[in-house]
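Have a look at these structures, which come just after this line.
Below, subunit A partners subunit B and then partners subunit C, in two separate complexes.
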Partner chain A sequence: MKLHAINPPRFIMSLYMLVLLILAVLVDISFVSLINDALIKWAMNGILVLSLIPMMNVGAGRNFGMSIGLSAGLLGMVFALNYKMTGWLGFSVSLLVGAAIAVLFGFGYSRILNRLKLNEEIVGTFAGYSFIPIMNIFYTFVPVTNRQMLYPIGGQGLRPRVNLDIYFGGILDRLWQIKVGEIVIPVGLLLFFFVIAALLWLFSKTRTGIIFSAIAENERFSSLAGLRVNRYRTIGIILSMVLAAVGVVVYSQSYGFLHLYDGPFMMSFPAISAIVIGGASQKKAAVANALIGTFLYQTTYLLSIPVANALLLPEMAEILRTIVTSGIILYAFIFQRKDAGNEVLKK
Partner chain B sequence: MKFLKNNLVPIAVFLLCLLSFHYAGVSLSYLSSEVYTRFIRNTLFVLALILPVTCGMGINFAIVVGAICAQTAIVLAMDLNLSGLPILLFVVGVSIALSVLFGTLVAMLLNRARGTEMIVSIMIGQLSSVLYQFVFMVGYGTIFHPANEAILLDTGVGVRNMLDVAPLKQVFTSVLPFTLDGKVYSLLPLLIIGTFTLILIYLQKSKLGVLAKAVGSDLHNANLLGVNSNRIRTICIVISTIFAAMSQIITVSDFGTAMVYTGHLGIETYAAAAILVGGATIREAKLRNCFLGVVLFHTLFITSPMAGQNLFNNPSVGEYFRSFLAYGVIVIAIIMNLKKEKDLKLQNFKA
Partner chain C sequence: MLELKHLSKAFDGHTVLNDINLTILPGKVHGLIGANGSGKSTLMNILNGNETIARSGGYTGRILLDGRDITIQNHSQSVACGIAMVHQELALFSGMTVTENIKINREKTRFSTLLLPELSLLDPNKNVRDAQHALEAIGAHMDPGQVIDALSLNQKQFVELARELDQQNIRLLILDEPTSSLNITETKALLSCIREIADRGIAVIFISHRLEEIMQVCDTVSVLRDGTLISTYEKADFSVGKFADDMVGRKIVKTQRAAKEQKGDVLMQLSQINGTGLDIREGEVLGITGLAGQGQELLAEGLFGLKPASFQARFKGEKLSLGDNSTLTARGIYYLSDDRAKTSLFRESPVWKNMIFGTELRHREFLRWKACPALSLLDRKAIQAHAQAMIEQLNIVCRSPDAPVRELSGGNQQKVCIARALTFAPKLLFVNEPTRGIDIYSKELILDWLLKMNERDHTTVIITSGELEELVRVCDRVVVMYQGQVFQTFEGEMDLEELTLSLYGRGNA
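And now, the complex of A and B:
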């Protein structure tokens, strides 16, 4: 795939960003705080977008069931917070426990998806949706001893939002900050993000990574060539889930809250939209697609907030974001499936 | 035994309903009055799903578009200060016209997305829902200036979230009222549902229904035989959208208040869950699946929070359970459908 070719979503988003930038200059907003926020938002949401890559590359579709992996990450944080682990200990325990649970969930999820080839996306959407109420029942009954996480009255059931400030809120954001004038560069957070991106890039160059793209290209041929397709799909799905779990821990520490219950409900759509903006096609996604896409998606959203406020229509920012999200995903389904359509015709 | 195997989902849900009703501890007359309300509000949404399933497009989650058309018509009617019979005619007429227009657009998109119609229809539903919110939240008061200023927010931009639709409700309650469990209900919604059911039965028996079945069972062969499959699919989606619009009109007038921004959200999931609970698959849906499914799903819907309250001292458990059921049954339906297709292929191979 040519990375530098201008694909329509990226072109439209760049244009949209330009319009917003001009409007932002006209309404005179502070660009310093905008750049600071943009850097944090980029890394904060970036890992969630990166988590889509392994599944897309192995031909298991865009991960609409991301909330299963997100739930694993949330469980990791619930575990760490229950034992009142603070600072780096809490953060790393959350990551490890979350990743371990994600392996388990991912294995179960892959068992479902491997039976439902070509239907992964619709099944994933509803598997993800139906997993959330299951987790909600779990959050209601889990025997947690840390009072700060429970509802103040009754003492049963976790709160929808737990403040992370006294545990590990913003721990990566504050690591190795470099100040250039008024601009603050969160080097620690960006480094964490880039290391994961680099590892994914390296993974795509390994033997397994190359087999992944062969399976995505032609599954039947790969299976005739002696590759154990389902095994590699399982690896890809588990990897995606683990990255989603890691991503939500990083997201939460930036956000400052542990958002349980319906928190992960709508998190897969923005991530998928971002990677499509970055130029990924259904079966081929590069790390660069995720990096560019997340930056464009998050920065346009950030820009639209002050512009909408200046126009005295604060609801507009969220509406515009949802229009972009669903419009771009719709585009991906309708215009990027031409080659897939040919395959069906040939049969 | 075969009966049990073929109707596993409805039987399981029926048993759950019995359990839930037992633990909820409500009277049968309360339950029947609540189920009646939900029956008239939801049945047409569920009937709207039948034709798209027949022509092989799976479940049409874009029935949201129909609900949006109806809500638009209602807001316009309130803007024009109509009442009496004219409001009913206006709302029905405008929503059918809008449904034909937007239904055709939806069908154009779905025809380009063969094989992934279901998820594309979800995305179409989401996109049209936000575009609709955008028009009424931002466009009204800035670009469009309504004749009736009372429907706007105090800031002058955007329509109020809750609009009183008393004129429309009056039309409904004035026709054939009857009393159930101390509340007055009208028979008009039932009449409308009955009429549309008959229309649907006629359509299924007509040339369109036969062609839709042909397109649904084998698109490629239908095309070779000279059936314009895109046209058939478009007509089915338009009819589905009109049914959904009618259902939304009944819902809003039964409720008495139009929730402009939120009234159309979530209907598609409940409709899909109801038809699948009734025993339909994503390849085959019958009228009896609809009626059975609506009654079963909404019985569970009403009783499960109360059962959760009585069993676990926590009403939200029941709510979580019912939303798990609503989404989970869709996954189960897709899995079972694939299994069935595999069995069929195996049978054909052996034969």
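And now, the complex of A and C:
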């Protein structure tokens, strides 16, 4: 699919956003705060969406097992918080430790996926889901000494949510803010996001990037040309996991909480939904797909909350979001099947 | 019976068929020849109701069946008119048995229920008998209970043919390159079977690149060139020379090797090929041939890990492990498979990428940051220049180096593969069926370039092919494989007759 072609999900989402915008005008919602929130939501979720790209481009599918990488990022933050590292130190140590653990996790995960080629997405879903309870057991027993992270009663096991305000909550959001009238542009956060996007884009143009897309297109030929296919797949999977870990650290600092236990449970679906809206196909995802998709997805969600509150039930926004998220993923699978069918027919 | 009048077809304003007038008679075999991209496939796709035709705006002109106007917009209309087609690429259910494939959608049932006929019980015996009957009618002997996966390519071809002929009201049978993957005996069997089909009163359109077959089996031959019907010949006027002239519109100069004086050292040693061995000498052009299924393609495919194999390979004395492709390519051993779509091309990718893929480490000029190839950007300028030069040298017909390779015709796709081999500049090149399914002009050009690589770049070339006449012309030595063993080696002046006998395991081994 062409990058600039409007695919049905993007069209529907744009239309949906337009309807919401009109409704928002009708119910008189403050657009200033909406724009401020939209910018932050875009960058805070954007890296998670970007993290899907390396795996998709190497032909290992959309990363439904993202929660494994997310857990690595959470562990990074648990480490930094346990030693009461605050500010930039806490943030960077979280990133570094999270990334290091993600490399390990990613390596193990790639061993599984390389054995189960063509089934990466369903295997990833189950691997991701089964990893969460394993981590939950770990969070319960991990010998953390920082009292603020432990359950107040009993003093053992991590709390589900740890407030990051005194550590590094909002550290990127507040960096280099520029105020234009009432609109606040979080330059630091956006810059961090764009730099990662730019690096990924550049990576796709390198020899390794070209090899990635070649493997996704024809693995057999790539192997005949002398490439160690599994090694490149491993690199792609590790890269995705590291970016997921980085993404969750950035997400948490915006969110203001370290959300453990079932926190990463439902984070892969919105990300995958967003990149599909952005126009990515199963084996071809561009950085622009992620940027456009995340913006449309997150802004629509943001708009739907006040509109639903004013016009429908307060819970309606979340229900709509679930329908949209799952519906888009369903669409992606249907569309992809149709693609494959055409391929067979041509033969 | 079938008449085409002023039939034309254009894709996006680009005319591929121009005012075709053709009459097909029942009981006759009508040959259709033309270079790749001359419009044969498009014409057949129209008759077969292929959906790409309707999707791209349909055709203009008239199709008359028994004098009545008919329109063919989809496949079922074509079937209703009694038109059946066997495609060059096989369309079979690989996990199902021969019977199931032949009888698909026409299964015999034990008793048919009026209500929900889809749920009626199949009659396996009747189906097997039908399948057996259909297979015997075309001279193929195989167990109808076998699974398609277990069959060789040529057996699959027979199954496909049997399936089409099992249809009841068949009036016209279209065969698109049915013999391209068959060996001599099977071809013979198929050709005589085609005659029999025609004698039953069915009209046959026979498309082939092998002119000898056309001469042998057809009653009428039409030549297409660039979407125009150039000429139609009756049996009495057949002549290979005329056909070839009409097809390419220019004289073909056949490639011929210059005899080499001295023999090179042993470059690669293959041993334990079912108890036999083969030495490949540096700088030679070696042909490997055999009847289908005698293991001739297994040497290259086994070496590159495409199929399990148990022979041993030594390159300049160093032991190689089979399937370790990165070591093989690092030593300068390269392989071009006959299955272009699956193993030799990125169909969706542009021509330039298909030309340089995997050669960047040997051509640092394609990289911007030569110190770190893995993270280097590609030098698009150098690559474009290289691709453009290759397109000109090999006479590849394409819009531009950025055009996706799937847009190219088969012959041009093969030239892209050859271009990649040229770019790679291997020490030792394995090519499998380099001229299969390709028009005469491209064929000679490809053979010519293989020889050029051999002479200019001192590449040792190993051609696995069933085209004996080509091998004799091009190769220094020809090795015949029989029952998985190296059976006989021919050198110097090769006698085509002796070579042919050797294929069948006869000769002084």
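FYI, the second predicted complex is superposed on the first by the 336 of 347 C-alpha atoms of A that agree within 3 Å, B and C clash if a C-alpha of one lies under 4 Å from a C-alpha of the other, contacts with A are read in each partner's own complex, and residues count from 1 in each chain.
Just so we're on the same page, a residue touches a chain if its C-beta (ideal position, glycine included) is under 8 Å from a C-beta of that chain, and two chains touch if they have at least 3 such contacts.
No experiment lies behind these values; they were computed from the predicted model shown.
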May I ask you to decide whether A:R220 touches subunit B, subunit C, both, or neither, giving the answer as first, second, both or neither?
-> second
Which partner does A:T206 reach: the first (subunit B), the second (subunit C), both, or neither?
-> second
Of the partners subunit B and subunit C, which touch A:S30 in the superposed model: first, second, both, neither?
-> neither
Is subunit A touched at more residues by subunit B or by subunit C?
-> B
Using the superposition on chain A described above, determine whether A:V123 touches subunit B (first), subunit C (second), both, or neither.
-> first
Figure out whether A:P133 sits in contact with subunit B (first) or subunit C (second), or with both, or with neither.
-> first
Subunit B and subunit C footprints on subunit A meet at residues none
Residue positions on subunit B within touch of subunit A in the complex are 58, 109, 112-116, 118-120, 122-124, 126-127, 130-131, 133-134, 137-138, 155, 157-158, 312, 314, 316-317, 320-321, 323-324, 326-328, 330-331, 334-335, 338
What part of subunit A is in contact with subunit C in the complex they form?
-> 202-203, 205-208, 210, 213-214, 217-218, 220-228, 345, 347
Using the touch definition up top, name the residues of subunit A that touch subunit B in the complex.
-> 64, 112, 115-116, 118-119, 121-123, 125-127, 129-130, 132-134, 136-137, 140-141, 156-157, 269, 312-313, 315-316, 319-320, 322-323, 325-327, 329-330, 333-335, 337, 340-341, 344
Given the complex with subunit A, which residues does subunit C contribute to the contact?
-> 51, 89, 91, 304-306, 325-326, 328-330, 335, 337, 342-349, 353, 357-358, 360, 367, 373-378
